[in-house]
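Here come two complexes built around chain A, the first alongside chain B, the second alongside chain C.
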Partner chain A sequence: MRWYWKAIGPKKIIEFLVLVVFVIFFLGPLLNLAILAFTGNWKYPEAFPHEWSLKWWRFVLQQEDIAKSIGLSFLIATIVTAISILICVPAAYAFARIRFPLSRFFLFSFLLTNAFPKMGLYVSIAVLFYKLGLMNTLAGVVLIHIVNVLMYMTWIPTASFRNVHTAQEESARDVGASPFRVFRSITLPLAMPGILVASIFTFLNSLDEAQGTFLVGIPNFKTMPVIMYSIISDYPAYAGAVFSIILTLPTIILLLAAKRFVSADVLSSGFQFK
Partner chain B sequence: MSKQTKMGILGLLLVLPSFLVLFVIVVLPIALSFKESLTNASGGYDLSNYIYLFTNKLMRSNIIFTLEVTIISVLLILAISYALAVYMRFNNGAVVQWIRRLYMIPMFIPGVIATYGLIQLLGNHGWAARILYQFGIESFPRIIFDMKGIIIANLWFNIPFTTMLLGSALSAVPNSVIESAKDVGAGTIQIFFKFILPLTYKTLLVGATFAFMGVIGSFTAPFLLGPNAPQMLGVSMEQVFGVFQQKQLAAALAFFTFLLCSIMGFFYIREMIKDEGVKA
Partner chain C sequence: MDIQLSIQKLTKRYKTGDGVSDISLDVQKGELITLLGPSGCGKTTVLRSIGGFLEPDSGDILIENKSVLKAPPEKRPTAMVFQSYNLWPHMTVFDNLAFGLKIRKMKKSEIDQAISEVLKLIRLSGSEQKFPGQLSGGQQQRVAVARALLLKPAVLLLDEPFSALDAKLRHEMREELREIQSNTGLTMVFVTHDQEEALSISDRIVVMNKGHIEQVASPQEIYDEPKTLFAAQFIGKMNFLKGVVTNGRVMIAQLAFPNSKNLSGNVTLAIRPEDVQLFDGEEAGLPGTIKHIMVLGHYAEVSIDLQGHGIIRSFRPRDQVNDLRTGQHVKVNFAKTLVFPTV
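The block that comes next holds the complex of A and B.
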């Protein structure tokens, strides 16, 4: 055995250990949930379940408030994504292409959404919503979801509009295309990957947002993550694990679909200007 | 009207809607919570809410607990992320490929789910305890419903993002710089402190800011797997607001967390603006 370790060398062994710790730490909790979701019964102290089954899936899907929360979550995420595209993409275009007074001030004002600790900001928003009567309303929930996405929904598209070469736009103008036509046929398609990635993040972020909704949306707007808070305390672990998979599924599907657009560089352009 | 004025107005019109939303959901709430936090029970203005924060025994222990958790978490996050990012930048083997493929996954997992997974894995009679039991280890430390659990959750949530930020800064360090330093005989440690650290310290600060604010402003993990007392400020705030309905006190707590982060937040915004100024 010793000769084997010596042959691989200490560097390889350390590398391997790093990978093992990494995988156990980051994927262990997820793997655990995946196993639990297909377990019928798992007695302590067995290392693996002795009975596999799908019965908890049936149980979870039969709960009425759970089914309702899935619909509600998707509705809210769609509204949030549509509104943020509508208000942020035009702003991004302006930041990238138009010279106007105070543009730097406006661009950097979006940093404010990240300059405060989240729960403190949410409680402040809740204090305002309480005065305005927006507690427990759809508008209130949608607004609190927009807090998280406003910055990268503006910054990622700004970066992608800036990356479109003006030469391409100018040559289209030279052959007689109207400014709107140039935007629609040249600028927008070239900036699309960035806008798409930002929109997908917005959708997922809204789908997964728990604490803000918990604060301003209770009791009428119980989205999937909010339901999850009560599932954790009220239901058996198997049911919680099944629901966890249902809640994570949209993320996995959308990210796999958009995989070729999602890169660390695009992601960090939402938080840092390059 | 000149074309320039027209374009200027168009630009402002395009930016205005999103700025208005920003104003309503960030600027206005913060101004209001500041005012509310100074409002006392009889409707006048004084510092009574803040005095309560520091004189009430429970609140004081919450504040100390939050600071402890935050400082330990941030130091661990930065150390591990930086090591991981440097390792990924300067190595290229099968292991690195695997880590690169996997390390962003936690960023996309809903916080509630990850927290739940950690509870199931590390809890009393959890999977980790069961597996250790097979090896004859029957006592398992109390991690969930304890400070350790919150710190572990913070690491889980923050390391991937911080590693990503640092990784993109490190990839901007040119290979030629390092190679020429090696040519003139600089050692690994020298290269690190003379070139790599100075070229990435700004991103390190941005990462520290995000981690610091992320931990102080966290709710889901401490709410689900933290101890009942003392609590993290995020949980305490929610209870004061939602359960005890003391809006002014909740506002004071929120504003107190802003003050804790203000130095870092200010620094973060200044660095980002300065950066853009150089490139614009």
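The block that comes next holds the complex of A and C.
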């Protein structure tokens, strides 16, 4: 062993060990989840299940309210993403381009929705929703989800719009483009990576949202994470594992699809105040 | 000659106190005119007002005898090249060049033809499918110039287009721009803070300072006969000495100089370093001591302490400084002096 230690050097070996710890830390639970989800029979002392099967997949997908919740979750996430793009992208453009009084204060105020304990915020919103008749409605659930994502959805595109130089927009005006054409052909495409990243954040955040949905949407609007709670308490862990894979899958697919847009630059620039 | 661009009593004031007031200027067809001045002098304000990116408080801008003041940038017969970030990085060179032409609904075959011609002109043939990020800074600015040329503007506006480039490239680009200008006969307004750039490319220079025009003249005239003290010190190297007018003559110590403007009282003399002559005999002149001799290639810069009248610099051919040494006493006289009232 000693020759090995000397030949490679302690630094490399420590780096390798740290990497191994990281991999176990991150991938271990996922691996365990994957094994659980495809287990037919597994007695405690065994290292691996002695029977593999898809029966829990069949079980989960046959539960009517579970199948429904998957559909509902994706529907809500799509609506939330669409609406927040419509609201936040124009707002982000305004923050980036127009000087108006207190603009920094307003931009900073988006942090407020993420600064307090969520449950407290949701309870006070719920009181308001009761009065407005928004409890147990799709609109109520969508609103709660939008509150969550306002910050990402405004900050990240604001930074992207700021990275589009005025000279680039003015050149386009100069060669004959109307202000609208400039936005469509120059500003928007150049800011698109940031907007995409923010949209993916929003979509995933909405898929994952349980607390607010639980408070506002029960009993008619049970999304995947809400159902998850009851599955974990009512069924064996195998069913829970299947369900969490279903919940994780869109995240992985979306992140892989977005990989070409997601650079550390784009992500971090969303959190700068200029 | 036709007047292509006429600026009439243009005024634009900012809240900060900067801006321009009462700028009037006529630019001939086919002329390359330079707006030269330090930063904050208002040269960019004038240029952006012509391009339509700024709305002046008062005054008028006529292009080919028609007021363009009401028109937005996209409707003006001008094209602008900015200092940087001219190109759209998500489009190829071809698409960058074609963007304006497509808006004008030009036929595709004509667009192809025009772009291949203009790329040949800027020596970038074959770069159609490259993205701006794959080009060097100089190439990017050439593409920006090409895009402006394609629009066949009545006036081409250039806002310090070469200032982000390194010195050698800047030099090449000036020559290229001058060549494009003589080939196309385009009227150009060029903004720069670099006096050397202004001297080398302009038909006429507009020297600006603190929002007004100090002088409008050819480069040679501005160099030889600057009208104001500011123009004298901003363009080229210049020495300044204090003098007094007695009996109608400008005096420094016992030496008299011509008083061409018939000034009186305290005056400032401006002398180009190449006009400062050195003697070591009994000729008339101001006594001085050599402080430094710096050989700069084909010429040398000699600093002389004029004993109470300040330090003066002289440019001498290199072979003339061989027998000079630091600390040597010399006499100084001037081949040519300019006189300005002291402010």
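Assume the second predicted complex is superposed on the first by the 247 of 274 C-alpha atoms of A that agree within 3 Å, B and C clash if a C-alpha of one lies under 4 Å from a C-alpha of the other, contacts with A are read in each partner's own complex, and residues count from 1 in each chain.
One rule holds for everything that comes next: a contact is a pair of C-beta atoms (placed from the backbone, for glycine too) under 8 Å apart; a residue touches a chain by one contact, two chains touch by 3 or more.
Since this is a predicted model, take the numbers as computed values, not measurements.
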After the match on chain A, would you call chain B and chain C a fit or a clash?
fit
Examine A:172 and indicate which partner it touches, taking first as chain B and second as chain C; both and neither are also allowed.
second
Touching A:59 in the superposition: chain B (first), chain C (second), both, neither?
neither
Identify the partner contact of A:74: answer first if only chain B is touched, second if only chain C is, both if each is, neither if none is.
neither
On chain A, which partner touches more residues: chain B or chain C?
B
On the A-aligned overlay, A:255 touches which partner chain: chain B = first, chain C = second, or both, or neither?
first
With both complexes overlaid on chain A, does A:244 touch chain B (first), chain C (second), both or neither?
first
First (chain B), second (chain C), both or neither: which does A:130 touch?
first
Rounded to the nearest 10 degrees, how wide is the angle at the Cα centre of chain A between the Cα centres of chain B and chain C?
90
Which of the two partners, first being chain B and second being chain C, lies in contact with A:228: first, second, both, or neither?
first
For the overlay built on chain A, what is the smallest gap between any CA atom of chain B and any CA atom of chain C, in Å?
9
On chain A, the residue positions that both chain B and chain C contact, one per complex
none
Touching residues on chain B, where the partner in the complex is chain A
4, 7-12, 14-15, 17-19, 21-22, 24-30, 32-33, 36, 87, 91, 93, 95, 98-99, 102-106, 108-114, 116-121, 125-131, 133-134, 155-156, 160, 164-165, 167-168, 203, 206, 210, 213-214, 216-220, 223-224, 233-234, 237-238, 241-242, 247, 250-251, 253-255, 257-258, 260-261, 265-266, 268-269, 272-273, 275-276, 279-280
In the complex of these two chains, what residues of chain A are touching chain B?
15-16, 18-19, 22-23, 25-30, 32-33, 35-36, 44-47, 86-88, 90-91, 93-95, 98-104, 106, 108-128, 130-131, 143-144, 146-147, 150, 154, 204, 207-208, 210-211, 214-215, 218, 225, 228-229, 232, 237, 240-241, 244, 247-248, 251, 255, 264-265, 267-268, 271-274
Per the touch rule above, chain A residues touching chain C in the complex are 165, 167-168, 170-178, 181, 185-186, 189-190
Of all residues in chain C, which touch chain A in the complex?
51-53, 72-74, 78-80, 82-90, 99-100, 103-104, 144, 147-148, 151
